[in-house]
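Take a look at the following structure, please.
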Amino acid sequence: MGERLLQLRQVEKSFDGHRVLKRIDLDVAAGEVVVILGPSGCGKSTLLRCLNGLEPIQGGTLLFKGEDLNAGKVPWRVTRQKIGMVFQSYHLFPHMTVLDNILLGPLKVQKRSRREAAADAEKLLSRVGLLDKKNAYPRQLSGGQQQRIAIVRALCMRPEVMLFDEVTAALDPEMVKEVLEVMLDLAREGMTMLIVTHEMRFARAVADRIVFMDGGEICEIAPPDAFFNRPQSGRARQFLNRFFEIETGKGREEV
Amino acid sequence: MHLDTDFMWKHLPDFVRAGGETLRIGGIAIFFSLFVAVIHSFILFFRIRPLTWAVRLHIELARNTPLLIQLFFLYFALPQLGIKLSAMTTVFIAMSFLGGGYFTEVFRSGMEAVEKSQSESGLAIGLSKWQLFRYVILPQALRISIPSLFANFIFLLKETTVVSAIAVPELLYTTTSYISLYYKTYEMLLMMTLCYLVIFLPLSFLLGYLERRYRHGAFGL
Amino acid sequence: MALSAYELLFRSLPQLGEGLWATLRISLLTIVFSVAGGIGFGLLRTSRLLLPRLLSRVILELVRSVPILVWLFFFFFGLPILFDIHLPAFASALLVLSLWGMTEIGEIVRGALQSLPKGQTEAAKSLGLSGRQLLVYVLVPQAVRRMAPPAINVFTRIVMTSSLTVLVGVPELIKSGQQIIERHYTLSYASVVIYGLMALLYFALCYPLSVFSRRLEKRWAG
Amino acid sequence: ACGAVKDSKDATRSGAKPASAGESGGGSIGKIKDRGKLIVGVFTDKPPFGFTDDKGNKIGFDSDLAKRFAKDLLGDESKIEFVTVEPASRIPFLQSDKVDLIVANMTVTDERKEAVDFTNPTMKVATQVLVSEKSGLKTLADLKGKKIIVTKGTTADLFLTKNRPDVELVKYERNTESLQALKDGRGDGYAQDNFVLFAWSRQNPGFTLIPEKLEKEAPIAPAVKKGNTELRDWVNKELETLGQEKFLLKLYNTYVKEELGASTDPNDVITEGGKL
Amino acid sequence: MGERLLQLRQVEKSFDGHRVLKRIDLDVAAGEVVVILGPSGCGKSTLLRCLNGLEPIQGGTLLFKGEDLNAGKVPWRVTRQKIGMVFQSYHLFPHMTVLDNILLGPLKVQKRSRREAAADAEKLLSRVGLLDKKNAYPRQLSGGQQQRIAIVRALCMRPEVMLFDEVTAALDPEMVKEVLEVMLDLAREGMTMLIVTHEMRFARAVADRIVFMDGGEICEIAPPDAFFNRPQSGRARQFLNRFFEIETGKGREEV
């Protein structure tokens, strides 16, 4: 595994005095896939948003390749080009075609040439199987297709880390797979990723490490097998139970 | 009631001219108002401090004082302070003051209707705040605003009647001039009504169409 | 009779006060009738039946496209001549303003009703609510929240539009001001002082509404 | 235009109507007496004809005359109801039976005679043109091609529209607006009843009157609804009676004298007894 | 199992000439739990909506206790009191408290006494564990809580059949269980239910019969064990695969 790409040191985040992230310490190495699990409201999204500068932090430091992100030396606008983010509800720009969505960043922010960027975009589109949709508008696509476009939009900026925040939560169950497969693919190629998800099986398949959060704190960091088979903390056990109990379901007494 | 149709025919050209004037004033006023509103929206979006207060003040004044009084102030009071504006200049300033205030409100709610997540995903690909405004927020806000913007066009176009008070020969001016001279009251009112119907009915139907079309925030094609 | 600007201002207050009261009275009544009529009109506009929808559309287009001034003439001067129906000046002014206010509010009601999620209607139906119950218990109470801010904006426009009623002899604020100005036509600053004062009065009347509407918008945004 | 046939029907029917039947006017004398008040349309922002005092009471040459009509017809000058009219609404008020009488500085013209019945005149107003001294305009002939301000519906407006197509007219609603416009140089001159101009020009140096009068005798008269000869005749007789006590002169002294200055002969302005 | 409660005979439904339900035949016995599965857009929701009169049908007959629902003899308004429906997005009335939401139908439609209906409502509320929320407004509740209220609202009408349309699809994964357990509980008590869901394990646990639809047609009707272990139609196999493939996931090659 490569050098340390992201380092979080004692990161603090509050909303109106309500502490949402409490002294978070986390290192992510280049090429590593970290999956963040935890109950609703525990601060997973907030953590990713802090890493993308969408939320200012109130304490601690965020280092990206050893540089303090909040020192103000490099504007967030520049850093964000290196840290891609994909959201739960895709958030494609509804007034632009698929290709324009993807090229907005490369052309306007990175000032790349249209030819080169478009070639890049088309390569990525065909990788996710959507090259034929490049001139469609978002509303003409299914949720799963839109989410794959959103991933391409972030990838086309050639980021060094990708942040995924419950990217399949808003999808119809059938479309979950097509998106997860794109992410698996990225992982195989060595993309550094931080993933928040509720798809336990996917987490297990894709993660190098599982980070379990609860109440704004990191409770447990472990390899996936260890985490799912022998969770150390009581809170993690309780959390996993909620997911699996119904699956081993008691069924109903025959009437 | 007997209508003097000869009299109506005789003055038809005057009304056509006046109708044209109404449209011209309305059209130019709409153009300037849009211009003002876009600048204001820009100021509000970027929260340019002292200017946002000025914009707020403008909006409140425009919405809460009658156009007639704004017009009189510009036309009759300002010259006493040494600033003399022509009738047309006055009209365009007053009407873009009014329209700018209303349109800004329309854009403001349009921008608020653009989901916050749109800004975030724009930011996430590294757009600057100006690029965000230019490429993501404004085009969407415009589209969302279209029906109420159009309703406001009609509103502004109707407000043109007020400018007859400073001798601008639009429809109402022409009508009241003839009524006070010849007392062909009903003939003249009928002519005016017909002119307004010709202008506003199509606009009103267009508005209905736009509303249906954009109600669900349809984009693109 | 050369008054100082200050004297003029002071002496004009009672007469302006009367005009203000007249404007306030007709505006308030118009607002009451517009809201009552507007709710009905909005319901007609969203009716499933063709006839009410058609009828309300025709009324809407007529009221929208024909200037209020013409409607005033029609109801006050036209009806007596055509049909020998006499409406007092105040009544016809109120009628015309309310007719106009009703369509404006009606369109807001319609917009609010149509913006309600379809799921609300379906959930209510699936409980067995009748069409009337659906409106009374589910749709209208929710629509009211959405329509309150824009409706209040219409109220301020009603206040300002009420100045047209002077045409049929109904007193109002602007006329009061003009009476004062014309009385002092040899005083060159009369118009500045009086129009300035009137602007203030209108602002005082409408600004609270404007603030109130913004409050509601914020409170009911979620 | 609205035939006399309908009127007579109106008169007979409305004679039986109780006073409470609403504000509608336009009636015969019998109806007015039944109602117990005279309904008169006046200006409220056109001094010295019809305007208001500080308290908002309607006063002026026209309004006071109307009050006198009420007193002589109904025995009490408070038995009058004033209705505020505008230049554009004066005649519709009569046509639609909203008022009995219009006493609102209305110039008698042929077109208007088709719409209403005028009584005998109460005034004959001379109209003149006020110009800036700098403009160099000296005669009416100089006005050719110039921009002249008028107030909508006034005698000057009528005269210039009809007789001087070579003059460009700019029309405002009210006298002060026209005066202000003249002062601001928005026109080369302002044509109006001369006594309005006299008083103003005294306070605003730099403006002079072109001595020539636009129209020597523009009669101004109260008006009744077309066909209401009964009321018209009553007013004519009343004006004659008032002429004997020089009532119009009294009004002149109250409202007009000061504006015109003592040197003017009142009989150039008022038509005592209704005779030109 | 009891008498036949619902009978669908050759039901046809089209939107603007587009056939969405094609000659649907289905019987539901009293006390039976039928789960409807099928890919997105196959017509599952439409089927439930037809049964609740929210969509008129274009052909065939719907019988409820032997009565033709579309004969027009009994107005839908009356029938709906016997056929409860719960929606994906709860659709609680946002301007009413929980209790008012629940009592609207019983009081205004069924004209029951407030005392009696409120007692009923409170019993149901405590059954789903939400009695303490009776005076809350919907927006103060989590999705799972809102959905349980929506179920109570339908139950308080004392329906004979309950229709559930993907009632957990909009919920956070942790809240799914609390809602499914309420439904399991209802099933145990013998409530007749038609359930559309994407929760396969739950379907298996709760169903007496699985109905598999595709393209507006019923492809397969089978007991749950048979359906999940030995789906007969190719389309059902394909459908089930989409769900399970990622779970047996291939993981990633170590980088």
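To keep things simple, chains are lettered A, B, C, D and E as they appear, and every chain counts its residues starting from 1.
As a working rule, a contact is a pair of C-beta atoms (placed from the backbone, for glycine too) under 8 Å apart; a residue touches a chain by one contact, two chains touch by 3 or more.
It should be emphasised that the depicted structure is a prediction, and the values quoted were computed from it without experimental measurement.
Peer 1: Hey, what chains does chain A share as contacts with chain B?
Peer 2: none
Peer 1: By that same contact rule, can you tell me which chains touch chain D and chain E alike?
Peer 2: Output, common partners of chain D and chain E: C.
Peer 1: Measuring between Cα centroids, which chain is at the maximum distance from chain A?
Peer 2: Taking each chain's C-alpha mean as its centre, the farthest from chain A is D.
Peer 1: Tell me which of B-D and B-C has more C-beta pairs in contact.
Peer 2: B-C
Peer 1: If I average the CA coordinates per chain, which chain comes out farthest from chain E?
Peer 2: Farthest by centroid: D.
Peer 1: Between chain C and chain D, what is the separation of their C-alpha centroids in Å?
Peer 2: Each chain reduced to its C-alpha mean, chain C and chain D end up 34 Å apart.
Peer 1: Would you mind pulling out the distance in Å between where the CA atoms of chain A average out and where those of chain C do?
Peer 2: Chain centres of chain A and chain C, defined by C-alpha means, are spaced 53 Å apart.
Peer 1: In whole angstrom, how far does the Cα centroid of chain A sit from the Cα centroid of chain E?
Peer 2: Spacing between the chain centres: roughly 33 Å.
Peer 1: On chain D, where are the residues touching two or more other chains?
Peer 2: In chain D, the residues touching two or more other chains are 2, 88, 92, 95, 177, 180, 183.
Peer 1: Two or more other chains in contact with one residue: find those residues in chain B.
Peer 2: Only 1, 76, 185 qualify.
Peer 1: Please list, in label order, each pair of chains that touches.
Peer 2: Chain pairs that touch: A-B, A-E, B-C, B-D, C-D, C-E.
Peer 1: So in the complex, which bits of chain B are touching chain A?
Peer 2: It is residues 115, 117-118, 120-128, 131, 135-136, 139-140, 143, 217-221 of chain B that touch chain A.
Peer 1: Residues of chain B touching chain D in their complex?
Peer 2: 1-2, 4, 76, 79, 84, 87, 165-167, 173, 176-177, 179-183, 185
Peer 1: Enumerate the contact residues on chain B facing chain C in the complex.
Peer 2: Spelled out, the residues of chain B in touch with chain C are 1, 60-61, 63-70, 72-73, 76-77, 80, 154, 158, 161, 172, 185-186, 189, 192-193, 196-197, 199-201, 204-205, 215.
Peer 1: Show which residues of chain C lie in contact with chain E when the two form their complex.
Peer 2: Residue list for chain C touching chain E: 117, 119-120, 122-130, 133, 137-138, 141-142, 145, 222.
Peer 1: Touching residues of chain A toward chain E in the complex: what are they?
Peer 2: It comes out as residues 1, 31, 33, 39-40, 169, 172-177, 180-181, 184, 187-188, 190, 198-199, 201-202, 204-206, 242-243, 245-247, 249-253, 255.
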